[in-house]
Amino acid sequence: MSTFARIITIFWKDILTELRAREVVTSVLVFSLLVVVIFSFAFSTRIDTAELVAPGILWAALTFGGVLGFNHTFAVEKENSRLEGLMLCPVDRAVIYWGKLAGSFTFTMVVAIIITPIFLALFNLPLFLPRLLLVIGLASLGFAAVGTLFSAVAINTRARDIMLPVLFLPVVVPVVVAAVRATAVVLADKSWSDMLTWLQIMIAFDIVYLVVSTLVFDFVVEE
Amino acid sequence: MNGRRNLINNLLFGLGLALMIAALYMVFMYVPTEKSMGIVQRIFYFHVSLAWVSFLAFLVTFVFSICYLRKRLLKWDYIAHASAEVGVVFTTLVLITGPIWAKTAWGIWWTWDARLTTSLVLWLTYIAYLLVRGYATEPARGARFGAVVGIVGFIDVPIVFLTVNVWRTQHPTTIIFTDGITAPMLMTLVVCIAAFTVLYVLLTAQGAGLKSLETSIKRLKIRRTG
Amino acid sequence: MSENARSPFSWAIEVQGLTKSFGYHPALRGIDLQVGRGERLVIFGPNGAGKTTLVKILSMLVRPSSGNVWLDGVNIRDKPAQVRRKIGLVGHQTFLYDNLTVYENLKFYSQMYGIANLEQRIQEVMSWMQLVDRRHDRVGTLSHGLQQRASLARAALHRPSIMLLDEPEAGLDPQASTVINDVMGNAGGDGLTVVMVTHNLERGLELGDSIVILNKGKVAYRASRHDIDTTLFRQVYNQCTETG
Amino acid sequence: MEYLGYLFAAYSVVWAVIFGYVLYMQRKQKRLQRQIEMLQKSVASQISHDK
């Protein structure tokens, strides 16, 4: 069986477990919504200022939600020593990374796709913004690339719930900045060329982190 | 071997001391006061030297992290770890002296300029590096995780810099000198950077030596107690 | 040359000068060991003797600090994927996903191992472990003994030539114990080599062709079943467990 | 010249922190030295004990 088929196997296993347990998506969804609500109060948002603060609030919610979700990525494998079971399989360690990455990327996307329309409605912004989907996709990929790697690091530390955000947040600063700016461009209905730089930054970040994580993942999981 | 190492250490120490005295002399006596900003501009020499050397420290951590993961020799890890520690201390100083200078030069403590933001992110990343080592369930794991963070975190630096640069296009950094940098200023800066580089090398070597000693002692203790 | 290539008629497991330390703690301090094909080796030893570490190195979950390991004549450093196919491991835990059914778990692992005719093979191992009527139960709902049997099924899926059992009897029901007897009994016949770590002296002595006592990361005693000196064995074992 | 205080503050902080770090390393070294002495003693006592 090919490498790709094995990545899909791990991915499908994660989807199936998530469909049964509904642990990750539900909790992340609720948490992200709460962040949106709290930030709206914190900035005492009115409709006329919405466009200014909205991108920031959306991405704060998705970033913190992401941290919560990625905590789960490898915590699931730690139970029952399942990670050892995976490690026994005659596959390249990068396959395990990509399989887990596919799962966490999907969960991040699902949460973002549900949260964003709710969020836009709450702030009386236009709901149908196809360009936003591209921004969400690129940012989620960057989040998942870093989050999956650091999730595997964090599960083998004490105080692992704290370790993940401490590792994850500084590194994803470029993605957060780029996603906020690109979202602002979309909300203000400006042209493609205005968001091009931000999209490029996200693409560069995604590629760099997918490559580097693939290379170093081996050292994270191998004793 | 040990004797030679001691000699090198003493020579470096002497050199460092001489350079540091020279640097202080140049900063306070030799270099003329910059016209537009006045005397406070003299913070610049140490501030910039510290920033450069902390960047060098993280570069060393990056390189030795890669070496450690390839060969798994503990001595590479000691150097990477010690270097990151010194880097964090120096970056902390950059983040303290920066605002003091900024307050007088620009009238604000902090601005989300590319350099400042990058330094802050760098500082947070290497705090995470030290934390992940401290919280790892085994020292061998800590070394591996540290190396991974040391690599991934360092690669982030140019991306952060680029991003923040585009994000905030107005640069306060362009108005450091109204007349451009003069020869005495450049000389002073070079001597300061040299002094801090030597200090960095001394501190890192000392730190790595301590880590190596600590490990041998722990191993001996375990062997004795069974 | 001799470092890497071994003749095809070599040992099933050959370990040379193996050491492993976790940070400051030496877990293994120089192990030399040969296990023949079809041999059933039982490893005893007090807690912290390095038994689990040894098993984890043999199953390539942990990489050695120094020394060499050959499985079926292949150095484990050289061809990890090829070596991993030879190994079946039953550890302290099942490695199974509670939310998936027995069948789904086995299917997941078959796909990861790239097993041909996987439906047929899953059917085979399930009937061997008497799990067929529980195939659509989620693993989380099964008793500990049944879970352990599912774990054995998982380990046997890819027809490993070397089966590593790390205290498989912990919390096992009698029926599952007979399955282990079965595994151990089958060994040799179809060339299956078994290494079992256990605390149960009687069963270990009864099932093993040869036995090893590990203590403080070293081999303290080694004998085959035929020439085992029971009094010496007891003496060494008691000594180890007292000081350990 | 009112900014002289700032200049003074900046340089004092630099020296204080570097000095603190050196002190921290020195204390660590002393602690390790003590541990070595303890180990030496225990080795010595064991050797005399064995005799």
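Per-chain residue numbering starts at 1, and chain names A, B, C and D are given in the order in which the chains are listed.
Heads up, the rule we're going with is that contacts are C-beta pairs under 8 Å (C-beta built on N, C-alpha and C of every residue); 3 or more make two chains touch, one makes a residue touch a chain.
Given the structure is predicted, the values throughout are model-derived calculations rather than measurements.
Visitor: Would you kindly say which chain has the C-alpha centre located farthest from the C-alpha centre of chain D?
Guide: Relative to chain D, the chain whose C-alpha centre sits farthest away is C.
Visitor: For the pairs B-D and B-C, output the one whose chains share more C-beta pairs in contact.
Guide: B-D
Visitor: Name the chain with the Cα centroid closest to the overall protein Cα centroid.
Guide: A
Visitor: Using the average of all C-alpha atoms in each chain as its centre, how far is it in Å between chain B and chain D?
Guide: Going by mean C-alpha positions, chain B sits 20 Å from chain D.
Visitor: What whole-Å value do you get for the distance between chain B and chain C if each is reduced to the mean of its CA atoms?
Guide: Taking the average C-alpha coordinate of chain B and of chain C, the gap between them is 49 Å.
Visitor: Go ahead and note the Å separation of the Cα centroids belonging to chain A and chain D.
Guide: About 43 Å, centre to centre.
Visitor: Per the centroid of Cα atoms for each chain, what is the distance between chain A and chain B, given in Å?
Guide: 32
Visitor: Chain B: which residues touch two or more other chains?
Guide: Where chain B meets two or more other chains at a single residue, that happens at 140-141.
Visitor: Can you pull out the residues of chain A that are in contact with at least two other chains?
Guide: If we look for residues of chain A contacting two or more partner chains, we find 223.
Visitor: Chain pairs that touch, all of them, please.
Guide: Every pair of chains meeting the touch criterion: A-B, A-C, B-C, B-D.
Visitor: How about chain A: which of its residues touch chain B in the complex?
Guide: Residue positions touching the partner: 146, 149, 153, 156-159, 163, 166-167, 169-171, 173-174, 177-178, 181, 197-198, 201, 204-205, 208-209, 212-213, 216, 219-220, 223.
Visitor: For chain B, which residues count as touching chain C in their complex?
Guide: 138-142, 215, 218-219, 222-223, 226
Visitor: Over in the complex, which chain A residues touch chain C? Could you list them?
Guide: Those in contact with chain C are residues 1, 5-6, 9-10, 13, 16-17, 20-21, 79-82, 84-92, 222-223.
Visitor: Applying the document's contact rule, which stretches of chain C touch chain B when the two form their complex?
Guide: 21-26, 216, 243
Visitor: Sort out for me which residues of chain B touch chain D in the complex.
Guide: Residue positions touching the partner: 38-40, 42-43, 46-47, 50, 86, 89, 92-93, 96-97, 100-101, 103-104, 199, 203, 206-207, 210, 213-214, 217, 220-221, 224.
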